[in-house]
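This report concerns only the one structure given below.
The chains carry the letters A, B, C and D, assigned in the order they are written, with residues numbered from 1 in each.
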Amino acid sequence: MGYVLAADQYGKAETRLVRIYRDAAAHQIRDLNVSTCLRGEFADAYLHGDQASVLPTDSQKNTAYAFALEHGVTDIETYALALARHFADEVEPVRGARVDVDEYQWERVQVAGKAHPHAFVRAGQEVRTTSVTVEGRASEQRAWVLSGLADLVLLKSTGSEFAGFLHDRYTTLAETHDRVLATSLTARWRYVCTDGDWNARYASIRSVLIEQFAMVHSRALQQSLWEMGRAILAAHEDVAEIRLSAPNKHHYLVDLSPFGLANGGEVFHADDRPYGLIQCAVQRDDAPPAGPSWQAPGSFAG
Amino acid sequence: MGYVLAADQYGKAETRLVRIYRDAAAHQIRDLNVSTCLRGEFADAYLHGDQASVLPTDSQKNTAYAFALEHGVTDIETYALALARHFADEVEPVRGARVDVDEYQWERVQVAGKAHPHAFVRAGQEVRTTSVTVEGRASEQRAWVLSGLADLVLLKSTGSEFAGFLHDRYTTLAETHDRVLATSLTARWRYVCTDGDWNARYASIRSVLIEQFAMVHSRALQQSLWEMGRAILAAHEDVAEIRLSAPNKHHYLVDLSPFGLANGGEVFHADDRPYGLIQCAVQRDDAPPAGPSWQAPGSFAG
Amino acid sequence: MGYVLAADQYGKAETRLVRIYRDAAAHQIRDLNVSTCLRGEFADAYLHGDQASVLPTDSQKNTAYAFALEHGVTDIETYALALARHFADEVEPVRGARVDVDEYQWERVQVAGKAHPHAFVRAGQEVRTTSVTVEGRASEQRAWVLSGLADLVLLKSTGSEFAGFLHDRYTTLAETHDRVLATSLTARWRYVCTDGDWNARYASIRSVLIEQFAMVHSRALQQSLWEMGRAILAAHEDVAEIRLSAPNKHHYLVDLSPFGLANGGEVFHADDRPYGLIQCAVQRDDAPPAGPSWQAPGSFAG
Amino acid sequence: MGYVLAADQYGKAETRLVRIYRDAAAHQIRDLNVSTCLRGEFADAYLHGDQASVLPTDSQKNTAYAFALEHGVTDIETYALALARHFADEVEPVRGARVDVDEYQWERVQVAGKAHPHAFVRAGQEVRTTSVTVEGRASEQRAWVLSGLADLVLLKSTGSEFAGFLHDRYTTLAETHDRVLATSLTARWRYVCTDGDWNARYASIRSVLIEQFAMVHSRALQQSLWEMGRAILAAHEDVAEIRLSAPNKHHYLVDLSPFGLANGGEVFHADDRPYGLIQCAVQRDDAPPAGPSWQAPGSFAG
C-alpha cells in the first residue's frame, strides 16, 4: 500500500493593489485584493523538494502588479482573465490557473456639492468579487468566470414571517408574522460568457438582489433567497447559476414587560451568535457544466 | 505601608440595540452599540466582596433597552445624556456615569428609483460615536458631550507631498512631491452645549472634515489634520476642541522597472503594517475645561 | 427554459457551548463552537415559502445544548456523530446532516505547582475541529468523519531553503539556502472509522505534524507538507487522507547595511500580506470514497 | 478668539519584528510588535506643513530594526528603554518618547520528548506588553516603565457568586451562588525601577495573577480583581500600581427543562456581547507620581 499526492495547488494570496488612472483631470481608482493559484506539474516540489517547475509566488505577485499597469483594471473580470490566461499560456508546467479578486468600493468626495477630482471616501461595506478559472492552452483553453459580492448587509424592519414550521421535541420557538429580517449576503454567480461589460452587469445584478430582498414579502429567508436568485436568472441571460449564502442575523424582540412597557416591535437585541445559515443555488435548466469553477483555494481543506 | 483602591469603574459594554420607528409608513431605524460605565461608592465590592451598592450590569443593559423605547433615539447624544443622567440621578451610590454609543449607518433601499419604506442597506464603513459623561446630581450636576466618528476611510490620489524632513543616521526615506495619502480617520470633538440639533451638527462636521481632507494640498498628514481641526472650530461655535487620530495607510509605489515598465504613480502596494500614526488636538483659546470627558473605559489600563 | 433549485442546505452556525463535568472533585471543561447543517426535502420553503418541513435552526441549537447534557462531550467526534445521526434519523425530511465542531483548548491553572480543580487558562491558539457528515437512515445510513486543526502557528528559524526554482520574466526573487519558515497550519484528515479513541488520535496526529515540520530539512514548504501528510498516513492506519493548507508567512530579512550593520539572519520583518498559500492532499492508494464529506457549508458560494 | 494646537504626537505603529538569536546551537526567538511615538517641537509641521523638525516615521521603523540587532532583545523592557532614550537623547526636537512593545509567546517544539533547537510553536494567547515613556535628556531625563499582559483568558467553573446586589426598577437578574466566571484579562503595572530582571518579574507577576484568580472564592469579579492587584503589590516591591481591566465573559446556564432535562451547572451558552466590564487600579500608599506614563497613543482621541 502506498500514498499519493492526490491534489495540490499553490499561489500568492492577498496581494493588495491600488491602480490609479490619472490621465484625465478626474482620477479613477481601483482598490484590489488579488490572489493567484496555480495547478499543474508540481509534484516534484512536494515529493522531492525539487523547485525546477515552481514559479515563485513572488513572481506571481510581480505579475499581478505588472498586469495592473500594462493591461489596466477597467474591471476585475477582464483583469483576472488576463492574469489567469497568462499563467496558463506562458508558464510551462501550469495546467490550470485560478485568480480571485476582491474589489473595495470608493466614491468621490463631494466638495460644495461638486465631485472632487482626486479625493475619495470608502463606500459601503460590500466587496465585489470575481473568481476566474482557466484550464489548458491555445485552442484547448477553457475559461469560467464567477462573479459576486460579499458582506452586503441588508435589513427589513417588517414584511418577514416565520411560521408553520416543523416541530420536534426540541422545538420551543414561537411563530411570528412580523419580525426583523437581516443578513450579510454572499452571492456568487456563474457567467456563460467571458467578455462584455462586466461593470454594467455587476451594477444590475447588485440592484436586482437588493430590490428583490426589499420587495418579496418573506415567509422565510429561504423564500427570499430563491426569489432573489430567480430574478437574476430572469434578468440576465448571461448568468447560468447563482449561489446565495445568507446568515440569518437574529434580531430578538426585547421583553420590556417587567418594566411596564409594551414593546411593539420597536426595540431589538441584535445578537452575534449563533445565527441561522441559509444557502441555495438557483440554476438554469440548460446551464453548461461548472467545471472546476467552484473549487476555491480557501475551501481546499474543508 | 498599605494599598489603596486608587480608581475603579464598572459597567455593561456593547449592548447591541436596534430601535425601529414604525409609526409612519416609512420606517426609520437606529442601530446602536451602547456601553455604560458607573463611577461612585463601589469600594466595598472590591475590598469586601459586598455587592449591596452594586447595580448589576444586567440592570444597566435593561435600562439601555427600556430607554430606547421610552425616550426613543432621535439621536445618540440625547439618548446617551438621558441614560447617563438617569444613572447619576437615580442610582444612589453613583457619582458619575459615562455612556458611549456607536451608531452604524443605514440607508434606504431604492426600488425602481424610489425609496423603500422598510428595507435598508448598511451605508459606509464609518461609525458615528458619542461619549457622554455626567457627574453629580440635581443643581450640582455637570455634563460633557464628546461626539465623533471612527473608521472614515479617505484617500487622495495626488495633492500630497512629504519632503524637507529631518534626517538622522537611520533615515533612508526618499522625498516625494506626489504620493497617495490615505487614512482611516478617528475624530472626536467636545461640545460646549448639551442640547440642540445633534444630527445636523454631525452631518456638518463630517462634511467639513472630508472637504478639508480633499481641498488641503498636503505637505504632510500633520498639516491636513490641523486644517481639518481648525475648519471645524471655525464652522462650529459649539465645539470647544477636536482630536484627530489618523493612521498613515502607506501606499508604496511598486518598482516595475525590472519588467521594463515605467510606473508613473499608477500602481501601488497598499501595505498593512507598520503605519504612521499622526495625532493632534485643536482647541479654542477659551475652551472650558474638559473635566473627565476624555477618560474612556477602553483606555483605563493604558 | 426554466430555473431549478440546484442545491440547498440550512442550519444553525456557531452555537457557543461550554460543557462542564463536575461529578469529580477536579472539574473538566469542553469549550465548543457547534454548527449544524441539514440537507433534504426542503424545496417548498424556497419555492413556496412553506415551512412545514423546516425544523427551525433554533431547534437545532436547542438540540446541540440538550445533547451536550444527555450524551456528554467526551470528544467532539462522538458528540458530532450523535448529533448528526439524530437529525438524519429523527427529522423526517432530512436526507443528510453535517455537524462541524470547533474546540478551544484549556489547561488547568497551576497553584504552587499543583493543578487547581476548577480554574483554567486558555492554552495555545490552535483549534481542534471535526466535520461529521451522515446520510440516510437505519441500515442505509453512512457516516464520514473529518477531523483537523486550524491556526497552529509554527516557525523554524533555520533549516529551510528556497532555490532552484523556475524563472520567468517577472521573477526577481533571490535564491536562499537559509530562511525563516513560518505558517499557520490548517489540516484536516479523513478517518476510515467512526468510533474509537478520538482524543488519543488527535493528540498523536498533532504531535506527528509538529515533529515533521521540525525535523524535515525543508527545500520548500511544499516538501514539508508532503512529508507531514505522509507521516500521518504511515502512523495512522485509520486515516485515509489528509489535506494541508499552509500560508507561507513571509519573514523578510531587514537590510541594515545603510546603518553599517550586517544582518546575519537575526532581524526579520514579519509581513502580513500577501502570503504564499501552499496546499496538498495526501491519500492512501486504497482510500475509500470521500462522499460528500469535503462539502463545507462555509464554501457553498465559492 | 483663536485656535491652538493643544496636543500632538506622531510615530510609527506596529512594526512587526522577529529577532533570532542563533549564536548557540539552540536558537532563541523574540517576536515583537513595536510602536514608537514622539512628542516635542513639531508644531510647524501641523501649522505650516514644514517638516524640518520631523523625523520620518520610516526612520523610526529603521531604528527599531537596527536596535534589535545592535542592542538585542533580551527582554522588551530593556529594548524599549533603549529605543525611547535614543529618541529623547539624539533627535533634537524630541521632548518625550513613548515606546510600546507587544511580545508574542513561543515555545520549543518537542520531538520525541526532546526540545528541538530551531522549531517553535506559538504558545498561549496572551500577549506580554510594555509601555516605556522617557522625557527630557541627560541629567533631566526621567523614565517610566509600565508592563503588562493582554488577552489572558481565564475561567473558573465554580467558586464564583453574585448575590446581595442593589436592585432598581430595571433589575431582573436572579442571584446566584455558583456560576461560571470567565474573563480575558488586561493588566498593566507600573514599576518604580528602570532596570533589573524584567523576564523574571513578568513570569512571577503572571503566576500570581493566575493563582489569585484561581484561589479567591469570588463574591464578584470586583473582589477577584482587587485581590489579584493586592497580591501583586504584596509580592513585588518594585511595582507601585497595577490596573486591571476585565470583561465579564458571561456564561449563561441553558434552560433544558422544556426537554425534561435538569441542567445542574453543566451546559452553558458562552455569549459574545454585551459583557460586563470591571476595572480597578490598586496602588501603594506611597507610590511615586505616574507622570505621563498612562497616556497611550491608542486612547488619544478618547
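Odds and ends about this structure:
As a working rule, a contact is a pair of C-beta atoms (placed from the backbone, for glycine too) under 8 Å apart; a residue touches a chain by one contact, two chains touch by 3 or more.
These numbers were taken from a predicted model, which means no experiment stands behind them.
Touching subunit B and subunit C together: A, D. Relative to subunit D, the chain whose mean Cα position lies farthest away is A.
If you average the CA atoms of subunit C and of subunit D, the two centres end up 31 Å from each other.
Chain geometry summary: the mean Cα position of subunit A and that of subunit C are 23 Å apart. The set of subunit A residues touching two or more other chains comprises 15-16, 62, 66, 170, 172, 258-259, 272-273. Interface residues of subunit D facing subunit C in the complex, by the touch rule stated above, are 15-22, 27, 29, 31, 62, 65-66, 68-70, 106, 109-112, 116, 118-125, 152-159, 180, 210-211, 213-215, 251, 254, 256, 258-259, 261, 263-272.
Only residues 169-170, 172, 258-259, 272-273 of subunit C touch subunit B when the two sit together in their complex.
Within the complex formed with subunit D, the residues of subunit B that make contact are 1-16, 35, 37, 42, 45-63, 66, 90-93, 131, 146, 148, 162-168, 170-173, 186-188, 218-220, 222-223, 225-226, 229-230, 233-234, 241, 243-245, 247-248, 273-286, 293-294, 296-302.
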